[in-house]
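The next block holds one structure in the form of structure tokens; read it before the comments.
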């Protein structure tokens, strides 16, 4: 029986239901309209896949999609590597010189307005005369997303029982070996979650990419943005649905991975 | 690392490990020599010295924060002493890193690797030592049989019960055949029944393997049951190192007497005494006759300690014995509280002086018509040999 | 030395690569922003003066230093366009953060009161939209809010309005978009603190004679304040610098500072003024940023 003080009130249920409806309805509507045969976005003309085929015949859009995908994979991988190293240093390095500056640099980009991050990186790239395109966007996204990875991995490392590492040392591991054979396997789910977070953030980013990319190498959000400014197009609905499907797939993999790790007696939040 | 491997391998060659012979030399297996460790301004371990002989089951007993865990962690290598030496087999290991010590530890929460199954947990330390694969297999099988985990080799730690986890942790730390096995509150997570049977199993195992065990515990019953010697720690120092019996019957100080078991304490002044006994004039219990203490009493102010079960109650006092009559201590009072605990009953007696006295008596008969009840007037008595005279 | 310190030495070495990376791509760029904010606009590549050329000798660098000035900042403060942009940004951030808190708190509270096995499902449901593209979610609203969009169709069908209402390019649409996009950022920290509150505390409050409503205001709410702080900062700071949502959903008559900065940079190609605008924006956000940094660090390192 529910305890009186902890009962779910009607108010609780209503606010939850309304909140979730608010979060999901627009997306559901968008997905439904992507299958609309009519050119007029709002008139229902029956089910159709024609906007999908339109997308797959749109060379510029496909180029942008491929650019975005390559940037996302590369930057997520770099960010996971650097972010994990940073998390290890912060949670296992105790006190060291420059630690405050280091953690400050890692937490600030999480909330820094993107226009500032984007602008500052562009000014750097211009100053060193770097050719803007794939690599500049990748570097910019790595810089942003490694901070997210660091936070995700650090919170897992912080929750890890330190006596596991001590037990490994007691049983003959030097610190590096203890990390590789005990710590790393245990934080792997959160490293994977970090990678997926970095991947979706990169795939999503418009502002920083707009600043740091060069002519002729637009990412998918940049292309979508310039189309959306001109008004609603059914083709955009189709592209958005595809992206949502991709991200949904990523989430399914992520929750599968976290379920797998929970079966090992570990809890790994997807975020 | 290779030396380590060789070490383990040689022990592995003998199928049944012989008990390490009690070495006749005066060098103990483990010598802790004026070891000190500070955390900030807090002295966790304060210039402590202790010898542990090979084959001993030694318990470090003390209240929480007394430094026993810090001492154990220094033996394992997780803390390094600020000063002093830790000699293992004559070699100073105070600065040796944990993974290079022939010492293993069983952790309080077991610290089983959650991503490895039982077999891989047990094999973990053997692989690190570079033991050949086939030897590892044999050793793991041997360990699994030793701790009776047959059939559970493929289970992950979270598929095990508390008692099974405890066995895996034990097997894992024993697998490397350490010269000393350290156990940090190994039974704290088990329920009472399981704890008691596991205590007996641990003792059995230690005797069979002839290994040296050092256990840290805050549970005096556990220490008394298992250990051959107990070191009682407080405030970073060893207060007394003794066998369980000595610790209980001949505590070295008032603090020990109060920490280990229940006790009645009476402060008083030593009076000029006859040849083979000491008389103490106490405020609360009058004059108490005690046996001559082993060490001559230097101070005039002392404290007399009597364990509750040494104090008998009677309605009239003990049957008078012409020879000893004058030597028996008698105190008059009223029973104020009775607690029936099954095997024995404890009584609180309010003495005529106003002080409280505790007595406990075994319930030897099922139907005790003679049981005392609250409000009854009684005589409490005990012999001089039942008293321990303590200087503060 | 302790076990932690045995581990610390190799762990510290792990800091080198990310440290160098962040210094190079986070810290150094800021120095560039500050330096360019002190420069003059020029029709050149790059479009500002002076340019520090380390190969041109000490004299030229000295001259370049002398050429730096605070002119751009003077311009920012004297031109109403910029002042209004900053004020509007702060206003929009305050209003939308308040709405977010008002909407987010009941949702987070509802989540925290669900049975345990439903809590993780609800959390997943809140996180999932955060993973889907931000731009797509704004676009989804354009679909609904446009002139012949779903919302107007429903309103017309219900005879609530006789002619389609203009929703797009209004402040209401912008607030809707901001609240929609940032809601998970508000809910998650709130939920995290609310879920940690021991239900026994509420029972104790009831037992000691407070009504459920009093128990909420006397126990639950004060204990959830750290979560409120985190949620508010996590929303407020990025909203001040927001660009995409006002650009797509609000009208173009008054701009937020993110839009002004973007315009200055891409359309007017006035890099020094854009940089100066960024520096001022950063100064405005310095206090909340430091506060957020402290909260983050306390949360991550308290364990």
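Labels A, B and C are assigned to the chains in the order they are written; within every chain, residues are numbered from 1.
To be clear about the criterion, a contact is a pair of C-beta atoms (placed from the backbone, for glycine too) under 8 Å apart; a residue touches a chain by one contact, two chains touch by 3 or more.
Since we're looking at a predicted model, the values are computed, not measured.
*Asks:* Looking at C-alpha means, what's the farthest chain from subunit C?
*Replies:* Following the centroid criterion, the farthest chain would be B.
*Asks:* Just list the two chains that share the greatest number of C-beta contact pairs.
*Replies:* The chain pair sharing the largest number of C-beta contacts is A-C.
*Asks:* Roughly how far is subunit B from subunit C, going centre to centre by Cα mean, in whole Å?
*Replies:* 59
*Asks:* Roughly how far is subunit A from subunit C, going centre to centre by Cα mean, in whole Å?
*Replies:* Going by mean C-alpha positions, subunit A sits 16 Å from subunit C.
*Asks:* Report the inter-centroid distance (CA atoms only) between subunit A and subunit B in whole Å.
*Replies:* Subunit A and subunit B have C-alpha centres separated by 55 Å.
*Asks:* Which residues of subunit A are in contact with two or more other chains?
*Replies:* Residue numbers touching two or more other chains: 166, 169, 178.
*Asks:* Which subunit B residues touch at least two other chains?
*Replies:* Within subunit B, the residues that touch at least two other chains are 77-78, 97-98.
*Asks:* Mark out which residues of subunit C touch at least two other chains, giving numbers and ranges.
*Replies:* 3, 6
*Asks:* Give the list of subunit A residues in touch with subunit B in this complex.
*Replies:* 161, 163-164, 166-174, 177-178, 181-182, 185-186, 263-266
*Asks:* Could you pull out which subunit A residues touch subunit C in their complex?
*Replies:* Residues of subunit A touching subunit C: 3-9, 11-13, 15-16, 19-20, 22-24, 26-27, 29-30, 33, 40-42, 81-83, 85-86, 88-94, 96, 98, 102-116, 119-121, 123-124, 126-127, 139-140, 142-143, 146, 150-151, 154-155, 158-159, 162, 165-166, 169, 175-176, 178-179, 197, 200, 203-204, 206-207, 210-211, 221, 224-225, 228-229, 231-232, 236-237, 240, 243-244, 247-248, 250-251, 255, 270-271.
*Asks:* Taking the touch rule as given, give the residues of subunit B at its contact with subunit C in the complex, in rising order.
*Replies:* Contacts found on subunit B: 73, 77-80, 97-98.
*Asks:* With touch defined as at the start, can you tell me which subunit B residues reach subunit A in the complex?
*Replies:* 1, 4, 76-78, 97-99, 104-105, 107-109, 111-115, 124-125, 128-129, 156-158, 172-173, 176
*Asks:* Which subunit C residues qualify as touching subunit B in the complex?
*Replies:* Contact set of subunit C toward subunit B: 1-3, 6.
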